[in-house]
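Shared between the two complexes below is chain A, which has chain B as its partner in the first and chain C in the second.
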Partner chain A sequence: MAKPLDYQNSIDVMVNSVEELKPILDPRRWSENAPLLWLQSYLVRDERALADDPGVAPERDEELADEDIWDEPRPALLFEEVMFGGFRYRNLLAVTFEHQTADTIRFRYTEDHCLTTHTPDGQDLTGGVDVDSGHSEAKAKGDGSKVVTITISKKVRFSQPASFRERLNALAEMVVPLALDHWLHTVIFRDLRKL
Partner chain B sequence: MASVHEQWSLAVTSIYYHGRKKQPGLTEVLDQAGLPFTPWPLEKCVGVLSEAREPLVLGALRMAIADIVRNRGHLGDAKFVDEQLAKLVQKYGDVARVDAAAVKEQLLGIKDADPNTAYLKALAVMHKAEDPHESAVVPFANYKATRHG
Partner chain C sequence: MAGDDQPPDPRTAARRALTDTQVMFEEWSGDLFELVETASNAIRAHADGTFAYLQNVLDPASSPSDWVKDGLALWVSCYSRQVDLYEKTYRKLWRLPTSAPQPQFSGFAFSGGAPPGPLEFDLDQHTQAHDPIELPVPISEFGTIKLNPLESDKGRKIYPRNLRLMTSNGKVLLGLVHLKPKGIPYGDYHGTVEVGRRRTRKLRITVRKRPAP
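Entry: the complex of A and B
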C-alpha cells in the first residue's frame, strides 16, 4: 500500500495580532476561503448527526457554526466535501482546536472516516480516504515584531477507487501542494480586494 | 456540465501537474497515461481562466500565475510559456484592476532557480500591485513548501 503523502508549507506574515488570522485558519471557512477545492465544510457535534445513507450530508450544527471555537475549544467533527480532478470526497475529520493564547492559534485534524467518493464517471463509492491528518498554526515570533509564522501540514492517502489507488495518490502530489498554497494565498491576500 | 469553480479547479490542478511532471522524483508518479484524470493542456487552462466572466476567478488567477512563475523552467517551450503567462496576467490585470503590463514585466524578470524564492517573489509582485495603500514593505516572507518522505 502506498505511503501517505506528507507535505508542509510555511510563511511569515506581518499582522497586528494572531487574532486577525482566526477566520483564515478556521476550517469551517475552508469552502469560503478555498473554493477551488472545498465545496462544503462545517462542524457536526458527533456521529449522531450522520444520516444512515453515507451519501447524505450530515446535519449542520448551527450553534457550532457561529461559536468562537478557539475561546472554548472542544473536540468536534468536521464534515468536508472536497473536489479535485473530477473526484468528490465527502469526508469526516476529527478536529481539535487549542485554546488561543496571545501568540498562538492552532488546530489539528485527523481522519474519522470517509463517507463517499464520487468518481468522474459517475460512480458513488463508500469510503475513499484512509489517512488524512494535519494541522494549521499561527504563531507569533515573540521577538517584539509583528511577524507571525503560519504553518500548515497535511498527510493523506486515498483508498478509493481501489482500481487505481496508486495513480490517485500520484494525483495527490499536485492536489496537496495546491491545497496548502490555497490556504496561504488566503492569508496573504486577506486584506486586499475581496471579489 | 462542470461548475465554474470545478473548471477553474481543473485548470489550476492541470497547471500544477504541468509544473511537476518533469521534476526529479515526480516524473514517474505523474505518468499522464496512468492518471485518473486527464490534465488539460496549458493553453486550455489559460483559456478557461482568461475567459471567465466571474470576478471570483481572481483567486484562481493568482494561484495559476504564481505556480507558472515558480515552475517556468519545467513547463516546456519558454516562448510559449511566457505567452500563456502574459494572457493570464492580462486577465489578472482586468480583474484586479492593476497595471498588467508592469506586473508582466516584473513576473518575467523573476529568474530564481529556487522554486520557493520564485514563488514568493511572484506573490510579492501581485500583492504590491493590488495593495491600495502602496505599502513599501511586502508583509510576508520566508515561504517554504516541503515534501516529506
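Entry: the complex of A and C
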C-alpha cells in the first residue's frame, strides 16, 4: 500500500502586503516560473472544455488567463503538463482561489483526474496520478509588522506507468520536498533582493 | 564554558546533515527504497536547518551584508549538494530491475470487464481519481451510455459527477474523478451502467480502509 507523499512547510517573509505575493502563488505562472518542470499550466472554466479523448488538451480559457482571479472564492480547472521522473503527465486539477480578507490569499487544489502519461518511448497511457491536492497561502501576521507567512502543502501519488509505480512514488518522497523547499527558499531570496 | 550558552548554529547542523547523508549514500548496501527514505529525511533536516538560518536573516538586527556573506553561500551549497544527492538516488533507482513483480497498490488494480462479472474499481481512501478502466461497449454507442449513482450497503452514494466517460484508441473508458481529498467511506458501492435502452451492466467500486499511519 503506497501512501501518498504528504508535504507541508511554511516560511515568513517581509512584504508590504499579501497582494505582492499573488504572482508567486499563481498556478497560471508555474510553467513560466519553473519551465523545467511545467511545460504548460492554464485555466479552463469547467469540464465542458474537455474533449472525450484524454489525449486532446482542454481548451484554454483566455478570459481566465489574464483575470485577477483572487477577488473572490471561485472554482475552476487547471490543466498542467508536468515532467516527473522522465514521464510527462497531463493532469487536471480542481482549483479554488480565495482572497476574502485583505490579509490572506489562498489557492487550493485537488485532483480532478489525470488525462495521460507520456513515456519516453512514445506511449500515451491513460491516467497516471491518483492523488494530487494541497494549498498555498500567504497570510499576514496581523501584528503591525510586514511579516507574512507563506504555507504550502501537497499530497501526491503516481499511478502510471504501472511498472514504475513504486520507484516513482519513492522518488516523489525525495524530489517533491526538495522542489517545494527550493521554491520557498526562492521566495525568501526574492524578498531579500529588495533590501 | 561561554560557548555552551550559545544556541547551535543552524548552518553547522545543515552542513553536517548533508555530509552524513553523502557518506551514508556512498557506503549504503541495503535496500534502495530505504535509502531514499533515509536520504529524504536527511535532506529535510538539512532544509530545516537552512530555513532556520534564512529566517534569522530576516531578523531586524541582520543586514544585507550578512546575507551576502553567508546566506547565498549556504543556499548555493545546500542546493548543489541536494541536487547532486537527488541525481545519484535517481540513477540508482532507475537501475533497479523492472522485471521483478511489482507490489500491488490499492487504488490501481481492477478486475472484471468481461461479461458476466461486474466492472470493478478498487481504491483506497486516499484516492482522489482512479485511472480509467475499459468499458466493454462499442465506441459507436458512446453517446448512449448512462451512468447511475452507486450506493453502499450503508446508503452512502457515489454520484455520476464522479464518473467520467472517455474515449481513447477506439475504446470507451470510464474514470473515477474528483473524489473528496479527505477520502470516501470504505465499503462496496454498487450501481449500474446503461447502454442504449436494453443493456445494463453492473458496476462495483470497492473502497478499502485507509491504512494505519
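The criterion applied here is as follows: the second predicted complex is superposed on the first by the 179 of 195 C-alpha atoms of A that agree within 3 Å, B and C clash if a C-alpha of one lies under 4 Å from a C-alpha of the other, contacts with A are read in each partner's own complex, and residues count from 1 in each chain.
Keep in mind that, in the parts below, contacts are C-beta pairs under 8 Å (C-beta built on N, C-alpha and C of every residue); 3 or more make two chains touch, one makes a residue touch a chain.
All values reported here derive from a predicted model rather than from experimental measurement.
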Which of chain B and chain C A:T126 touches, first, second, both or neither: second
Partner chain(s) touched by A:V175 [first = chain B, second = chain C, both, neither]: both
Partner chain(s) touched by A:F164 [first = chain B, second = chain C, both, neither]: both
Partner chain in contact with A:L37 - chain B first, chain C second, else both or neither: first
Touched partner set for A:A102, first chain B, second chain C, both or neither: neither
First, second, both or neither for A:K3, with chain B first and chain C second: both
Contacts of A:V13 with chain B and chain C, given as first, second, both or neither: both
Residues of chain A that lie at the interface with chain B and also at the interface with chain C: 3, 9, 11-14, 85-86, 164, 167, 170-171, 173-175, 177-178, 181-182, 184-185, 188-189, 192, 195
Residues of chain A defined as touching chain B within the complex: 3, 5-15, 35-37, 39, 83-87, 120, 149, 161, 164, 167-171, 173-175, 177-178, 180-182, 184-185, 187-189, 192-193, 195
Chain C residues touching chain A - in the complex, by the definition given at the top: 33, 36-37, 39-40, 43-44, 47, 50-51, 54-55, 57-58, 64, 67, 71, 75, 78-79, 82-83, 86, 89-90, 93-94, 96, 98, 102-103, 105-108, 123-124, 126-132, 142, 164-168, 173, 175-178, 180-181, 211, 213
Chain A residues touching chain C - in the complex, by the definition given at the top: 1-4, 9, 11-14, 47, 52-55, 85-86, 94, 110-114, 126-133, 147, 155, 157, 159-160, 162-167, 170-171, 173-175, 177-178, 181-182, 184-185, 188-189, 191-192, 195
In the complex with chain A, residue positions of chain B that touch it: 5-6, 8-10, 12-13, 16-17, 20, 26, 29-31, 34-37, 55-56, 58-60, 62-63, 66-67, 95-97, 120, 123, 126-127, 130-132, 137, 139-149
